[in-house]
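Next up, some structures in structure tokens.
Presented sequentially are two complexes of subunit A, the first with subunit B as partner and the second with subunit C.
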Partner chain A sequence: MRASLVVAVLALAGLLGPPGRAADGRRSDAEAMSPALRAMQQDDAANPGMLSVLDGEALWSAKAGGAGRSCADCHGDATVSMKGVAARHPAWDAGRGSAVDLAGRIALCRTERQDAAPLPPESPDRLALTTYVAHQSRGMPIAPPDDSGLRETRARGRTLFTTRIGQLNLSCATCHDDLAGRRLGGTPIPQGHPVGYPLYRLEWQATGSLQRRLRNCMTGVRAEPYPFDAPELVALEAYLMERAAGLAMETPAVRP
Partner chain B sequence: MARALVNVPKTAKRGEIVDVKALISHPMETGYRPGPNGRLLARDIIDRFACTYNGTEVFAIDLHPAMSANPYLAFSVVATESGTLTMTWSGDKGFRQSETVAIEVA
Partner chain C sequence: MRTASLAVGLAAALLGPLAIPSRAAPPPRIEGQALPGSPTGRPGDPARGRAIVVDRTRGLCLLCHSGPFPDQPFQGDLSPSLAGAGSRHSPGELRLRIVDGRVLNPDTIMPSYGRRDGLVRVGEAWRNRPILAPDEIEDVVAFLATLRD
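Our next item is the complex of A and B:
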């Protein structure tokens, strides 16, 4: 009786698992990092991504554009209204008939609702707002919405993920599905779950988006990267978020 | 104004060693990197950081171009009396920023 209880408890523990780890072996890439780097991510006083969060917090309540409105004027307190929003993006925009990621949504809000100058991709302000909004979902499981349009987008993303590209003739799946956990040179190959974007990458010495990371990888296999905000990149994001469903958000993460 | 994150415990016992953490956003351009036009980008770094405790300097460091962007500094001070800790970063292009935090010593 007691043994079966222990088994049941263990099974439950395995099912829930520690944050950033799923029962099926999927895990956050933070687990492969050095203890020093993990400590840096967990300590808000040492995590340089928090600088973007602070910038975003200031931008959230700053009035902008012809409408003279701030994000807070419509959305109120971000710690309440934006909770879990990043875990549900990319989302389907029925009016536009396409998928939009969180940064794209913010950029659209900026031009359409605030009537302000567009925020270019990877501009500090767009990254700061995205990081601030995504930070509100920290610790929440990634929950991709169910939508017929998104299903198509994800299928397209999956095709892109498994298609060999570039002079090195590699697909994303070659490394991140088949060889994850092994090493490329001295570096561990991560499973590539986008749990902490926008994140602070030491190599960049800056906060960057998932699209920047994807474009990096494409350049790495010597393929021509898609431009920022290209539907292909959003499709890849949508597929990756579905692939990471259930893992906890970490924004702003720190990665080497 | 650059954004800075300073972390000091709000309260401490007299004689306790407390950790101070200071993170500031700064590009720390080395002066050795070529820009898009092939010319070297002008050096733009923080070259000195100092911390004063009720006006007395308790920690200072000279920084050089090999430091990463957004430098993070952590050090310890002995809590002797209630008062303020003032961190000052200064550097190229007239950069100067101060942050003050209060500490209560019981």
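Our next item is the complex of A and C:
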């Protein structure tokens, strides 16, 4: 009795089946990868993204800036305090009246609470700290918070997602909603779920952020990419997280 | 002639935006489903057209299409094969499809290779130019016309 109830609840939540797959057909793009790449992602000793996690762990407890404080001085043990945090970002920052993604939040802590030099987008330290914090949510379902400000942000993100852009005149939705699973040249088009960021991409030979990926897709259709940290990119991130709600986090993922 | 008034409307909609050099004499006229007549006034070159079609940074065609190109790995499967395109369509139909397929299917995902208007947030490097120049489009048309089954 009890067991079957639990099964039913899990099925409803879309949590049954292989991790990263929902009952409605949404799935992590890791599932479409070659067995070799999947094995690389799953083995922490082989996953190159784990180097960023290790760098981030060291930075977490390093004192920095005029305040002479480390992240750990305020937040304690990240394996406890940062669990689930990445799964609910972007979050609404009531003080600023805007949505903030995880990397943006870390950059704000850096300047405002540590009184330290800013961490520029895609700088190794910002990526390392973001990867370390997001890693604490690995395996947890994406759980976008319900917040009126965020709802507006997500609606804006959805509009950006469905608007055709660039010289090739395609929208994100054209590829990731309508054509996912088909082949663009030789490349299978993924559903485009942001489950594994920051992640290690073989094509980049580096760990990179979700915003870097989004800018790549924009350049791919010959559109002008929004600058890093632009509200449009955060809005797209917020929409993508809602679109992926319930899928399990994988940071640091590995992608081709 | 049944499509004459439609053709006039479409031609009007297309005139300004088409990337046709102003020196090219008569403006393009859509007749039925076709854009007959080379706007460059010279026939396209099929060999150059093939090179454009298989080039992933110029024609981009194989991102979406497959076709009779045994030397080309990694062809797309988002749209019909180009094999036999020259049997199914006249050169004028092929030209219209490439210059502006939106005329035939407003929702098509195939880019309008000859248009530079009606686009959003085009990247700096590509702004105000069509994907292919008129003479390149003529080369592609000439090549597609050779794909017969």
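Rule of thumb we're sticking to: the second predicted complex is superposed on the first by the 241 of 256 C-alpha atoms of A that agree within 3 Å, B and C clash if a C-alpha of one lies under 4 Å from a C-alpha of the other, contacts with A are read in each partner's own complex, and residues count from 1 in each chain.
In this section, contacts are C-beta pairs under 8 Å (C-beta built on N, C-alpha and C of every residue); 3 or more make two chains touch, one makes a residue touch a chain.
The model shown is predicted, which means the values in this text are computed figures rather than measured ones.
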Side-by-side fit of subunit B and subunit C on subunit A, or clash: fit
Contacts of A:A36 with subunit B and subunit C, given as first, second, both or neither: neither
First, second, both or neither for A:V80, with subunit B first and subunit C second: neither
Touched partner set for A:L202, first subunit B, second subunit C, both or neither: first
Touched partner set for A:A94, first subunit B, second subunit C, both or neither: neither
Contacts of A:R183 with subunit B and subunit C, given as first, second, both or neither: second
Partner with the higher number of touched subunit A residues, subunit C or subunit B: C
C-alpha centroid angle, subunit C to subunit B via subunit A, nearest 10°: 100
Overlay on shared chain A, then closest C-alpha pair between subunit B and subunit C (Å): 18
Residues on subunit A engaged by subunit B in the complex (per definition of touch): 43-46, 48, 50-51, 54-55, 202, 205-206
Residues of subunit B defined as touching subunit A within the complex: 3, 5-7, 21, 23, 25, 28, 68-70, 72, 74
Contacting residues of subunit A [partner subunit C, same complex]: 163-170, 174, 179, 182-187, 218-219, 222-225
Residue ranges of subunit C in contact with subunit A within the complex: 56, 60, 62-64, 73-78, 109, 111-112, 116, 118-126, 131
